[in-house]
Amino acid sequence: MKVKFPIIIVNYKTYSEATGKRAIKLSKTADEVSKETGVAIGVVPQLADIASVCDVVSIPVFSQHVDPILPGSSTGHVLLESVKEAGAIGTLINHAEKQLKLCAIENIISRTREAEMVSVVCTCNAAVSGAAASLKPDIISLEPPELIGTGIPVSQSKPDAVTEMVALVKHVNPSAVTLCGAGITKGEDVAAALKLGTVGVLVASGIVKAKDPRKVLMDFSEAISAAM
Amino acid sequence: MKVKFPIIIVNYKTYSEATGKRAIKLSKTADEVSKETGVAIGVVPQLADIASVCDVVSIPVFSQHVDPILPGSSTGHVLLESVKEAGAIGTLINHAEKQLKLCAIENIISRTREAEMVSVVCTCNAAVSGAAASLKPDIISLEPPELIGTGIPVSQSKPDAVTEMVALVKHVNPSAVTLCGAGITKGEDVAAALKLGTVGVLVASGIVKAKDPRKVLMDFSEAISAAM
Amino acid sequence: MKVKFPIIIVNYKTYSEATGKRAIKLSKTADEVSKETGVAIGVVPQLADIASVCDVVSIPVFSQHVDPILPGSSTGHVLLESVKEAGAIGTLINHAEKQLKLCAIENIISRTREAEMVSVVCTCNAAVSGAAASLKPDIISLEPPELIGTGIPVSQSKPDAVTEMVALVKHVNPSAVTLCGAGITKGEDVAAALKLGTVGVLVASGIVKAKDPRKVLMDFSEAISAAM
Amino acid sequence: MKVKFPIIIVNYKTYSEATGKRAIKLSKTADEVSKETGVAIGVVPQLADIASVCDVVSIPVFSQHVDPILPGSSTGHVLLESVKEAGAIGTLINHAEKQLKLCAIENIISRTREAEMVSVVCTCNAAVSGAAASLKPDIISLEPPELIGTGIPVSQSKPDAVTEMVALVKHVNPSAVTLCGAGITKGEDVAAALKLGTVGVLVASGIVKAKDPRKVLMDFSEAISAAM
């Protein structure tokens, strides 16, 4: 596997604060914090920024999305081979903001496996996490849609949902690991996530829109170091 | 306007032959042919390749698609600002393989105008070209879906459809210009397109999958030079 | 044309208050008010209710949507022929809650014309209304999405948007007529819509969720009678 | 459960041969054959035909699709409550021609369960069948997309895919049952399906486009009777 755990994965979404040059700057910060603390940090820039980000960091870089296509006539779609060649080592699949059809999810997981890339399937609840886990992705990330962007941490406000998801995924596919996300803004939210049995967090605005992203990344990393 | 006419715009789709390093190589070839012949050539690489291509060429680079979004929470979507910062000077909109809702097309045309980028709306027939033209894009490109990838040139097999489109666009919006595409593989197809009143062609497999793309680009460019 | 103007078109959406038996009851009310007042009223029930509603009323019944398909292998899609045979005399196209791709809109308008059905294209702003009008539908209905369901009447809060739409449609396609919708709850909103040059309103919650739909329909109809 | 097994479920798609009056005629034929032979037959007419079909038959009627929505503002969408009130006792979910996002599938299965309706999730391969089964639908129906409409029966040409699906579903959710479909045109195809462990077939053109649908339905029913 091309990533180690626990891990903090930072989704840049389409935030201005993490577009173009600012994506590169934030990625360098993440790279530095990861090196300083020894804690794994992955970043998920926009498609057009993957190559530039990969040029300047050595931490894992993920794509936000790939389409269920083979090379060919698919103008405007995202080809796995293209994000891989740009330097991504894995991809989010089925993020709440870019949901996919069931057969597409299965197809993309298979294709990431063949390409030796890391698949991170995002799910909206425990039942869906179980279904996703049965398709044998590497990572399942639970993000209750009602908490995304709220600052109400899933790991502290919905611990039972996370615990249920972790148990279900373990039952269905013991070789998959789990993350949780939504509302994660503090080290204690990350610590809570680990305590519930996940191997880390998928975070977006909590880092990207922070006044001082480095400080928050340090806070998250220290929470992970303390828990190990 | 950031492009000059007549122009050959080469859509790389998601072809293996134009992904990653091969996108860069093909773009350099297009750049060289354009400089040698003085004929405008634009290229449309995949999203993940835009930045790398822009680093090595000075011809116009377009995005294959942008989404009708503002900066924010749109994981996996394509933000205009992101492709612009990567170096694209314009974008395809509503390609037959990535069709968009009507309100989205209007929104994206407005946003490209504000961003001083070039909008190329793709359309499936003359009536739709007229509707698109009324939304004031810079360029309308007619591509009858039944001819895409066939090698049967629209400019020679459906001249009436092209003529009708050119007339309708001129009537609706005299400041827009027109292209045609689908099945274009030879210089004579390009010459025929110009004769029908377009300012060039949108071409994909005819160049990307050619044994010798440089030779075909030279053939196209010479047809344009001869017609000027 | 199978409808006369001015007209009040009532969209039942997927409201409980207008599903199944309650769709039939509301349709009978609309039918009665139309007969009593002589003012044209059309209703737009859900797909599964079209046949039952058509069995009991003689006012025009519209479909909420049809798909851009021909008879064949399109499980779960809405075939024009099927809603026509169920009794619908026309269809909404591109409602804000069921937006369509540009080529699909053109296709459906053509198919409604061939089937001698009435096409009502919904649009989000004046520019899009102009583009839609160029495709030669029978009716264009402007519904600014930000006002839908708010009770803030488009005809009184955004008169300029309506006037601009009416003028643009008249310029592009003098044989089309216009409606406006969003936030219409009172007779005076309907009167304002007519004054701006439309031939009526497309209304949903203002009727369907009214305590006494008959009373509101009477109020709307009287406003129309007074204006004629 | 509102259906008994084995069962033949006939999907009318959007075929002309099964639209409007012809849907009613075919449904009466299915009703008669079911009564004559004692074999369960279900029919899946288009949305606009559900109510009329339910008026004239007593066999189970299914919807081709429902949307993952609650009552409210969803013009043009298909509300579960609306097809239920029209008389449908269940619904197809995720047919190959109307595929759904993973979270939508989970949502619709939950809603059919609450509404005491029968859920039939269609899947493209064994792995996806397992994922679907984990969401606890009543019935999983495997239809390899490459065989749909070909007349090459899945039960005879891909027995291993069916066996694998049956085993996986049994493992994941022992209370679910399985169907298979695609290319089913003869009684022997139905017999083969039962032998592989399914409880019947989902069939479309094999019945709808048959010269004599009654004869083929009798042939299918006799194959089932012989196997019981």
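Residue numbering begins at 1 within each chain, and the chains themselves are lettered A, B, C and D in the order written.
The rule is short, and it goes like this: contacts are C-beta pairs under 8 Å (C-beta built on N, C-alpha and C of every residue); 3 or more make two chains touch, one makes a residue touch a chain.
Keep in mind that this is a model prediction, so the values were computed, not measured.
Peer 1: Measuring centre to centre with C-alpha atoms, which chain is farthest from subunit D?
Peer 2: B
Peer 1: Is it true that over half of the residue numbers where subunit A touches subunit B are used by both copies, so same, or is it different?
Peer 2: Mostly the same residues form this interface, as more than half of the numbers used are common to both chains.
Peer 1: Measure off the straight-line distance from the CA centroid of subunit A to the CA centroid of subunit B, and report it in whole Å.
Peer 2: So the centre of subunit A lies 34 Å away from the centre of subunit B.
Peer 1: Please compute the C-alpha centroid of subunit B, do the same for subunit D, then give the distance between them in whole Å.
Peer 2: A distance of 44 Å separates the two centres.
Peer 1: Which positions in subunit D touch two or more other chains at once?
Peer 2: none
Peer 1: With chains as vertices joined when they touch, what's the shape: line, ring, star, complete or other?
Peer 2: Its topology is that of a ring.
Peer 1: Quick one: which chain pairs are touching?
Peer 2: All chain pairs meeting the touch criterion are A-B, A-D, B-C, C-D.
Peer 1: Touching residues of subunit C toward subunit B in the complex: what are they?
Peer 2: The contact residues of subunit C facing subunit B are 94, 99-106, 123-125, 127-128, 130-132, 134-136, 172.
Peer 1: Touching residues of subunit B toward subunit A in the complex: what are they?
Peer 2: 11, 13-16, 19-21, 44, 46-52, 63-65, 69, 71-79, 81-83, 85-86, 88, 92, 95-98, 148-149, 204-205
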